[in-house]
Amino acid sequence: MKNIKTDLSIVLSGEAGQGIQTLDRLLMKMFKFSGRHVFSFSEFMSRIRGGNNSTEIRVSSKRADSFLDRIDVFVPFGHGAMARFHERITGDTVIIGDPAFIDDRYRGGGYTVVEIPLSEIAKEIGGKTFLNLVVMGLFAGLFGINEEGVQGQIRAQFSRVAADVIEKNIEALRKGIEAGREIARSGNIKNLPEASPDAMKELLINGAETITLGGIAGGCNFVSSYPMSPSTDVLVNFAKYSEDFDIIVEQAEDEISAVNMAIASWYAGGRAMVTTSGGGFALMTEGLSLAGAIESPLVIHVGQRPGPATGMPTRTEQGDLLFAIYAGHGEFPRIIYAPGNYSQGFDLTRKAFHMADKYQVPVILLTDQYFLDSYGTVPGMEIDNSMSENIITETYSGYRRYQVTESGVSPRGIPGYGNGIVCLDSDEHDEGGYITEDFAVRVVQVNKRMRKLQSMGPDSIPPDLYGPDDFLCLIVSWGSTLNGILEAIKASGRSDIALLHYSQVYPLHGDTEKYLKKARFTAIVENNYTSQFGSLIRMHTGFEFDRKILKYNGMPFSVEELAEEFKKFA
Amino acid sequence: MKNIKTDLSIVLSGEAGQGIQTLDRLLMKMFKFSGRHVFSFSEFMSRIRGGNNSTEIRVSSKRADSFLDRIDVFVPFGHGAMARFHERITGDTVIIGDPAFIDDRYRGGGYTVVEIPLSEIAKEIGGKTFLNLVVMGLFAGLFGINEEGVQGQIRAQFSRVAADVIEKNIEALRKGIEAGREIARSGNIKNLPEASPDAMKELLINGAETITLGGIAGGCNFVSSYPMSPSTDVLVNFAKYSEDFDIIVEQAEDEISAVNMAIASWYAGGRAMVTTSGGGFALMTEGLSLAGAIESPLVIHVGQRPGPATGMPTRTEQGDLLFAIYAGHGEFPRIIYAPGNYSQGFDLTRKAFHMADKYQVPVILLTDQYFLDSYGTVPGMEIDNSMSENIITETYSGYRRYQVTESGVSPRGIPGYGNGIVCLDSDEHDEGGYITEDFAVRVVQVNKRMRKLQSMGPDSIPPDLYGPDDFLCLIVSWGSTLNGILEAIKASGRSDIALLHYSQVYPLHGDTEKYLKKARFTAIVENNYTSQFGSLIRMHTGFEFDRKILKYNGMPFSVEELAEEFKKFA
Amino acid sequence: MSSVFDFERPPDMAWCPGCGNYDIIKAVRSALDDLNISRDRIVMVSGIGQAAKTPQYVNASFFNGLHGRSLPAATAIKASNPGLTVVVESGDGCTYGEGGNHFLAALRRNPDITNLVHDNMVYGLTKGQASPTSRKGFKTPVQITGVFLEPFNPVAVAVAMNASFVARAFSGDIEKTKEIIKKAITHRGYSLVDILHPCVSFNRVNNFSWYKSNTYYLDDAYDPSNRSEALKKSVEMEKLPLGVIYTNSNNKTFEENLAPYKKNDAPLYLRKLDAGKLMRIIEANLK
Amino acid sequence: MSSVFDFERPPDMAWCPGCGNYDIIKAVRSALDDLNISRDRIVMVSGIGQAAKTPQYVNASFFNGLHGRSLPAATAIKASNPGLTVVVESGDGCTYGEGGNHFLAALRRNPDITNLVHDNMVYGLTKGQASPTSRKGFKTPVQITGVFLEPFNPVAVAVAMNASFVARAFSGDIEKTKEIIKKAITHRGYSLVDILHPCVSFNRVNNFSWYKSNTYYLDDAYDPSNRSEALKKSVEMEKLPLGVIYTNSNNKTFEENLAPYKKNDAPLYLRKLDAGKLMRIIEANLK
């Protein structure tokens, strides 16, 4: 039996449609209220019912916010719930659950099994639906969490449910708590993570919500999208907030419509965004090129999943980076952000609106299923109007939309605001926006557009260096791998390793070479096959990494597999 | 007055709809029959009537097949036909034409003007429509081309026209010939290019036709496309040959349909291709990714034009290279060819079908308006069945479409041929083609797909080195810039310069580094703003060019401007 | 009832218990059996969605392509090998939403394929957003105040466009649905069957009993070749008529119009390039 | 006849002499003048094609986007600032071909925009391929044996989908076309006007006199609000009826249904983020 001091990893596994995600949220909230740091990652199949889904919840006294291989407590929710986890279930794992759901091979010899007739308990109370509450109670009891507090949470959350049902919920909870206390007493699971006061104050959020809220903080008031995993939650969240913040949320007939609507909304004074995944983004690339041609602001969220084509709709990958950078015919500047944690998710989405508006370029937010579907906590968010204001000009007679300027950015007018007219053409155009076939004008307009790459420089986000300034080994990564790498560096016990993490992946920041040259050994970590960011870095610096750590099976890196790799660094 | 020994450059300039392109073809044919090498490049506006279009015809005793700034003879076909050419009309240019069409600034002082009342002559014969024949005659007379031969050409070409109209054509021709002889006698234009016997035997072709004929030679029997300049001619040509070669030619409702049709046709035993330009290709990127996922052969022709978005629909650029390389979400192998001359246009399109079939990957043919719309001659073409045969397997009970093999290539069955069934899924799939969510199977299938990058190696086309093996300066280029660079190297008088030209631009050939390292000075020539191929080379070799020669105004490089640059090489 | 399209080992079907898709696949399998269609001469084509998984559960060749793109794929498959029976199965979102433009094109092209649209008036696989056929007022996590767009009526559009075969079915009646499917497959030309079916997970409004009480079968006297009658029937929205609503056999099929098949029926894969002819034509045209 | 939408210096118009587009733009300009629409409150939206160049020649704001994508753009412009008059002008290929799916969506969404489709039954700008409305038998360099697809009938589809305003016009009659356009612009909701016009360069079949003899005006007694009459009229193909064929004012417009406008009319650009509220909601929901 392992002594877990600060950090417990719980895996709940069952079929789609059993409500494991609901239970996940209930537990997360409960643990957070009890003063624990929490993090959970859900992995699920592309189906509505059946199959096998799971969630890993980490409960911890310090921030612990990445995917772990280790399973401390495993709760199966049905037959076949354990099969996919066999390699991760070890002698240190405590298996808690219905006797019927525990595979025979775990019985007798080497495994710690706590059999509790969970389904029966639920059935006695009134049916399967109460199973979740029993399990919630079980963990409340195990952790010795204040019973009234948990009851309060349930009463608040189910406030719209009939009174007798609530009471049954409470009963289920109580039964669970008893069972949990029993386990605690048994001493099978020792040294549970203790409460830490700062956790309680944090906000509980998932990646998708950081994008939505960041968007709202950036003044987003127009969202046109077509549902596509794993980005749909962002669309759903915007719909949820649409009435509160006067946001037009429109489900488009297809992604092509979505992106053209978003661009045209900016033209007419909206602050628009689309959310999609790789396949939908592919359909938007002509629109992206349109934004480039007419110098329209545009924010595109791309939640990556494994490709090509439909690929693995509910899994994770970082396989669309170079596509995002070069998507769209012709040449034009763009910005690509890839948040590494929830704060960045919020801040960068907010900033995306501002940068799109300031430089009149498309900004792409590149996330992935791992980022979007994992829950965790964040201390707070910066909210003011600095990124949500329209950067527009009142037009006047003679106003020219594409007036040539030193920065390449022309004052942006919108129709209906001022006496001028605002003319946009996807053909090459003159300063007034009218079609031109003049070669000299073409060159002037290309130069003007491309000049923004320079103008944007000061607003470029440098990579973040985590770890010792005098590192010997340097890991480079981008996007959602941030937390896992940081935890793995700690776990590796190596104090000579630093991480250089990019949340702005394009344009590549100028400091890159400086950092890389300093290192004795360099490695890149990417959730893809070809090391796309590594290729980008080579394209811009000539630099090649000593080691490429790549994963492309559809799952995020685990802390353990990374730590294993880091230990081997020369 | 310049003494032109081997090479005359004629520019005809007028409005859209005046039939300048028809005249261009008539003249090309006539000159070729007379034993001259010919080349012509048409540049035109994106409109049907009016505006200003021109064609530059080079008539030469040796092959001369690239765009020249120099204009030896200029014929205006209307008011305003000269304005856009002022910088290129010099004291050495002989201006021949209707007094009404010759701008005043060319009269008196420094310019050679030959006024001939061309329109009046045509009118006397019967109307404007005869103008072309008068001009044709004019050049026949000037060159002293056998009159009967030219008459024969006319009679053959207009065989379906009423007899009296033909006679009027002949009359127009004769009037022109008289005028031409007059000019010849005047001695204004001296030393016209002499005939060379080999020219007569050559085939007269344009870029678009090389793609079509190469496709047919590759066994193409299914073309689904949506019209888009400058690629429409390829579609039109396929339609023209459809009955002769049993080709299904379908105008799709949009590019998305086009690409999905083409992929599905391969599935059902067709050999399919789409032709489009950047904007249409953007819409096909999801389909491209589908081809990657289901390992479908696919041939896509992309005729580049300046972007972004609608850009300059009838102009040229090489701006879609990196887009083509990274288009489509997810990771999968592909091949990209970029023909540099007509032979390559034919050979590579033919080969594209074979390679697509052999490795079950999409193959992209990247051309541009300059390549597609310029006419010239080619000695002949290799035609046999070696590239047109289906590489398919008769299926059997238990056949599995994605059987894992060492090369990554699985025997390709098609439905209806054999007793087996052929199952294709855009989701990640197992060997049988059925959806899988198994992480291990995912990895096996990714590895299998990506292994083809290695297997394809032996079939990879190395870059061609033109010039001295012991070069000091090395120019690198790709696609349509080939001929212009070769002529410019000659014109520069520099014998230390070699050209390394890529007709396969992706995957980048392994010899690249070897060549680059040998050079004292390196330069890259590209018809774009950002030097996309240069970036690709750096991504793969770390190598950076000393000099980037880039042009992005919508026109191809001229020999002179390149030669100017080459002369400056250190 | 066993079918030649069953698997030796039954596949793990990814549909929810109680879903109408199970009934549709039964009707499809037995229609194919009834028509004696051979397993190696049929191709099932689909896009992406819950309905689009159908081909995975029919033991035959399939092309399971992109969301919304089943019709161009099916059209090309049929055109490349007209000897194959081509059946397209996909959802309402896939066919009328993402694929709307291809739906219009298929109506015009008239390939000899059968298009079975599993119409549950919702996006199932992506967890319950409105589809083009969702009724007004239908609330979802995206349409939070209810759908306010006019529902798409595929039958009316098809009849208005003078389509070849237009029918509506309801999964709840497997036998009648099977018969309609058989007519659709045997009909020469593009056959649309909009098959209403309940989605028990995401459409609680248009459930089994809703369909029961909001549909009726056209009576035997109804003549589907009468266009003006069909037009009238097709726009009925209060109670949706079921059965074959319109047929029009005046038009040739897409395949019949294609260059290769004017001379012979051989599928493309059996044809060879005539290299000599190509050589001759090149010499003749380009010299 | 001068218009506030004229330029000081007349632009170089890229249309062929004799093209019907000239008549359409005249009708549009004078309709706008008649309706007293102010130059700074109107946006012209188009895709790509010859027709799509129209906004370039009307002295007003315009959004000349991608081929086929005029309708999503126009819908979003109107939704972002409902105070603007939004007129979409594009070709038959652009609107019904590449843009077919958006056409279907616009019919369902019912934004208060006016869609003038310059229908010359051909792709003009790309030099004469068939468009969805090309008649059977029409030969082109791509359709070398003639079009064999059923022509798309936008009017029939629109009526079948219970659209808001459906009309057909002919460029040859500027005055009547103008009146139809005025009705379309003043109508609340999505208004489709399919404007037949000759393409003198690429459509030698459906020329001026063809249109003259293959169209007729609906008489004054015709009641466009009668759907079943409209359905009948809409499918007439021998002689194409001209005029307002169908109107349906039962549905709210797209904009009226949108969250922001339920409380007030202010266009999006005049609204500001309520940062305090955002803070409160975050604290309430996520704590």
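First chain written, first letter: the chains are A, B, C and D, and each begins at residue 1.
To be clear about the criterion, a residue touches a chain if its C-beta (ideal position, glycine included) is under 8 Å from a C-beta of that chain, and two chains touch if they have at least 3 such contacts.
It should be emphasised that the depicted structure is a prediction, and the values quoted were computed from it without experimental measurement.
In terms of C-beta pairs in contact, B-C outnumbers the other of A-C and B-C. Ranking all chains by how far their C-alpha centres lie from the centre of subunit C, first place goes to B.
Computed centre separation for the pair subunit B/subunit D is 37 angstrom, with centres defined by C-alpha atoms.
Distance between subunit C and subunit D, defined via averaged C-alpha coordinates, is recorded as 30 Å.
With centres set at the average Cα position, the gap from subunit B to subunit C is 41 Å. Residue positions of subunit A with contacts to 2 or more other chains are 45-46, 51, 242-243, 249, 253-254, 256, 279, 286, 290, 294, 309-310, 313, 425-427. Contact with two or more other chains is made by residues 14, 48, 66, 98, 100-101, 104-105, 132, 145, 259 of subunit D. Touching subunit B in their complex are the following residues of subunit C: 11, 14, 39-43, 45, 48, 53, 55-56, 59-66, 69, 71-81, 83-84, 101-102, 104-105, 258-260, 262-263, 267-275, 277-279, 281-283, 286-287. Within the complex formed with subunit A, the subunit C residues making contact are 12, 14-17, 48, 50, 66-68, 97-98, 100, 123-127, 129-130, 132, 141-145, 201-202.
For subunit D in complex with subunit C, the touching residues are 96, 98-101, 104-105, 107-110, 132, 145, 148-153, 156-157, 159-162, 227-228, 231-232, 234-235, 251-252, 257, 259. Taken together, the subunit A residues at the contact with subunit B in this complex read 45-46, 51, 256, 277-279, 281-283, 285-286, 288-290, 292-294, 304, 306-313, 315, 317, 319-320, 322-323, 325-332, 425-428, 437, 439-440, 442-443, 446, 450, 528-530, 535-536, 538-540, 542-544, 552-555. Remark: subunit A residues 203-205, 209, 213, 216-217, 219, 221-222, 224, 241-250, 252-254, 256-258, 260-265, 267-272, 286-287, 290, 294, 381, 383-385, 388-390, 392, 414-427, 433-435 touch subunit D in the complex.
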